[in-house]
Amino acid sequence: MRALRIYIALFRQMLKVRLAYRGDFVADLFATALGGLASLFFVLLFFRPVGELAGWRQDEILLIVGLSMMSYGLFATVSWNLFEFGDRYIIEGRFDRVLLRPISSFAQILCDQFRIPVLAETAIGTAVVAHAVAGLELDWGVVEWSFVALTVICGALLYVFVFSILASVSFHFEDRIGVAPPVFNLIPFGRWPQEIFPWPIQALLRWVIPFGFVAYYPSTALLGRTGLGGLAIAAPLVTLSFGGLAALCWRLGVRKYESTGS
Amino acid sequence: MNPARALHLPAYLGFFSGQFRKMLAYRTRYVTGIVSYLVYVTTYYYLWRAVFSHRAAGAEVAGYTLDQMVTYVAISWIARSAYFNNVDREIAEQVQNGSIAVALSRPVSLQGTVVAAALGEGLFRFCFFTLPIGAVILLLFPVGAPASPLHAAAFLVSCALSQVILTHVNFLVGMCAFPLKNIDGVMRMKHYLIEILSGLLLPVALFPGWLQALSSWLPFQAIAYVPSSLWLGHLRGPAPAGGPLAWLAAEPGQLVARALLVQLLWVAFLAVLSNLVWRRAARRLVVQGG
Amino acid sequence: MPAVVVDNLVKEFRRFQRREGLAGAVKDLFRRDYQALRAVDGVSFSIERGERIGYIGPNGAGKSTTIKMLTGILTPTSGEIAALGLSPHRQRKQYVRRIGVVFGQRTQLWWDLAVVESLKLLLQIYEVPRAEGEARLAKLRELLALDEFLHTPVRKLSLGQRMRADLAASLLHGPELLFLDEPTIGLDLVAKDAIRALLKRVNDELGTTILLTTHDLRDIEALAQRVMVIDGGKIVYDGSLEQLRDEAGEEASAEIELLEPASLEELRRLLPQVRFAQDNPLRLRAQFSKRELPAAQLLARLVGSLKVADIALPEPSIEEVIRRIYEKTGKSAMVAAKAAGGGAAAASR
């Protein structure tokens, strides 16, 4: 509880700093909105001449895309540092300062660059989901919407854990870019029905980099499609186990930290 | 532009090889870059396979067969691996740390050095990214051969022009760092615009009519859609009826020429625009002392 | 019980060796060469509570690496540290609550926040009780004259102001140990003096144990009761500043101004133990060993035989003293080789 108070104080200060750079804030907001709309636009452009994809209608695909965008927006508010971790913290040496404070180093990294504007992606995702639900004439009650909320939160955490595992690789190999970009590029894979991919890719997105659990498997449950029920509700378990793995990797990384920044 | 300045070749060569060497220093970027391209092509390949899976053999979607669509996607990404650059970020950094002022004291034009460096990076990327990426993609996916030797040659020229066009677009985005403190937002917006409007993700021919008309008045489709269409010999699209070059028509040779002409016009237009913008910025730099 | 006990501390790094030229860069792409580097090589010492210690050595000698292990940032390759009864890297959160750290090269504060906001946030992070925190902040404001820039964002501070703000940040939670890595680097003389005076007061009034590294030997003269010299990852001297001077200070020199020119040959005959050099006919320099010839005797002989206008006996600078320590411990070859840029040359000398 007292840790939470500290993090809230950190958040508030960082938020104030972000808001002080109003130009950046607005540009970030526009760019995020444009990015969200571009993803949406791609689906619409794609479906216009195509009509149907492996038995999925446009609105069903939009449900997956919308859920994935909601999770991604939440993740991106806190995660920017994870992508720049090797560069900002290891090579430029900011991690020294982090280690000198008596609170969790990982939490400090997450709090250090809080980005409000990317919540635009969550907002657009919410609208997309709402549109899809209306278009599919689904009659959802509290249970379904609670499941959506749980899915979104688990998805966001799953992204955080996966990318923090990748960020902790920076402790061992100094490199400005890091190993996250190719995994980041896997996110779009998770926005399509998995059955269109051959089994190695399906397995990859299920067991190795489990982006399938962010939106696809939960969507199959929400849409009442058969065959994947077990996996559909496994998302929280997958998230939890990746949380454990992420904590372990971070710990090992900190022990290896060489503080060579100048 | 002063011709004596523009022909200062050895100086430009220095920028060229310097950029080349800088690129080699990043091993991880190299490996992750290759993997990223594979991921993209794989995604879109399976997407299109799924689309065509319950259609008759040889069926078309918006004028493309499955084979053509796969070729389009693969070639677009392979070409991107060569023409892509980060000129916007590099210019912005120079503006932010003030080192751009050095350009004023050099006996060569800034634009010339930027284009030379970008071509240096392009050659590097061609040798070390495009060749391995292309080889892997050609092995894994059923990519069609170019429509004819003429189209193949035109494709290569077109890729070089794509690079010059993108460099100028990036140069202009980088110039935004003069009025703005931070251009991350602008760069991201440009990224999304190019991704959609260049035809990298989807051929422009799949766009609704109004968007096709709009794209033909924007430089973006000249970056990806034109070279890939040249490879495919699929040149119905680049200037739809009503577009600025619709009068130039019909035979394959003429179509190829028209496609390259479109790119050349964009190169000229963007070069003039970039030069104007830089001159204005430079004047302010001199007056305000950075 | 000592505040800090360090036993046989070792830290090794692996360094990537870049090859030269274009061909080298291509090779690096596929295979990298690494070289193991022992930055700290079996260092042992202990620090009592309330001590002020100067930790010096040439660049790359292992000073910062030692400090970073002492502050829990780096995990030692081997060896043990017990500081305040804790293991810095294993009990990091518990430990850093009780120490203060200042890195002269880089601020610990938030770049975009006003000084006062940074400090208040730190009070929350260190969970300092409200009354105690406010009292300490008031005291530090007065001690460090923070009020002139209390509401300025850290990025807009001058270097001297930033150092004062950083010192405030490091003292805010009442640390028992204070580590400073190059605290006066880049400051002007007035600011340096202010920082030194302040550190002395902190040590006197609060009993805070201080360990600082520096390149400016006046920091050491002004602050350190005890000096540790590290070179090549090993401690080559550990003792008082006076003893350091004495040990290396047998060699003395004198500068002599004359009213009338004197013949060098004559002087050399008169005082064969002394090496004379002539800057100009009216200015001499003499080098001698105090053991062979006490300074008083030298003065008497000179005044007796020459028309002397002035004699000065400058104290050896600490640079000089340290250089001599290196000579004594046989490290000079390494220092010279390092200066020339080749580590391998050391073996041949």
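A, B and C label the chains in the order they appear, each numbered from 1.
Here, a residue touches a chain if its C-beta (ideal position, glycine included) is under 8 Å from a C-beta of that chain, and two chains touch if they have at least 3 such contacts.
Just so we're clear, the structure is a prediction, and the values are computed from it rather than from any experiment.
Here the chain pair with the top count of touching C-beta pairs is A-B. Comparing per-chain C-alpha centres with the mean over every protein C-alpha atom, the closest match is chain A. The centroid of the Cα atoms in chain A and the matching centroid in chain B are 29 Å apart. Averaging Cα coordinates per chain places chain B and chain C 54 Å apart.
Inter-chain centre distance (chain A to chain C, centres taken as mean C-alpha positions): 47 Å.
Residues of chain B in contact with two or more other chains: 27. On the side of chain A, the complex with chain B involves touching residues 21, 23-24, 26-32, 34-35, 38, 41-42, 45-46, 48-50, 53-54, 173, 175-179, 181-182, 185-186, 188-189, 192-193, 196-198, 201.
For chain A in complex with chain C, the touching residues are 2, 5-6, 9-10, 13, 16-17, 20, 93, 96-97, 99-104, 174, 255-260, 262.
Residues of chain C touching chain A in their complex: 13, 16, 68, 71-75, 89, 92-94, 96-97, 101, 103, 105-106, 108, 110, 112-113, 117, 121, 124-127. Those residues of chain B whose C-beta lies close enough to touch chain A in the complex are 26-29, 32-33, 35-36, 39-40, 42-43, 46-47, 49-51, 53, 61-62, 180-186, 188-189, 192-193, 195-196, 201-202, 206-208.
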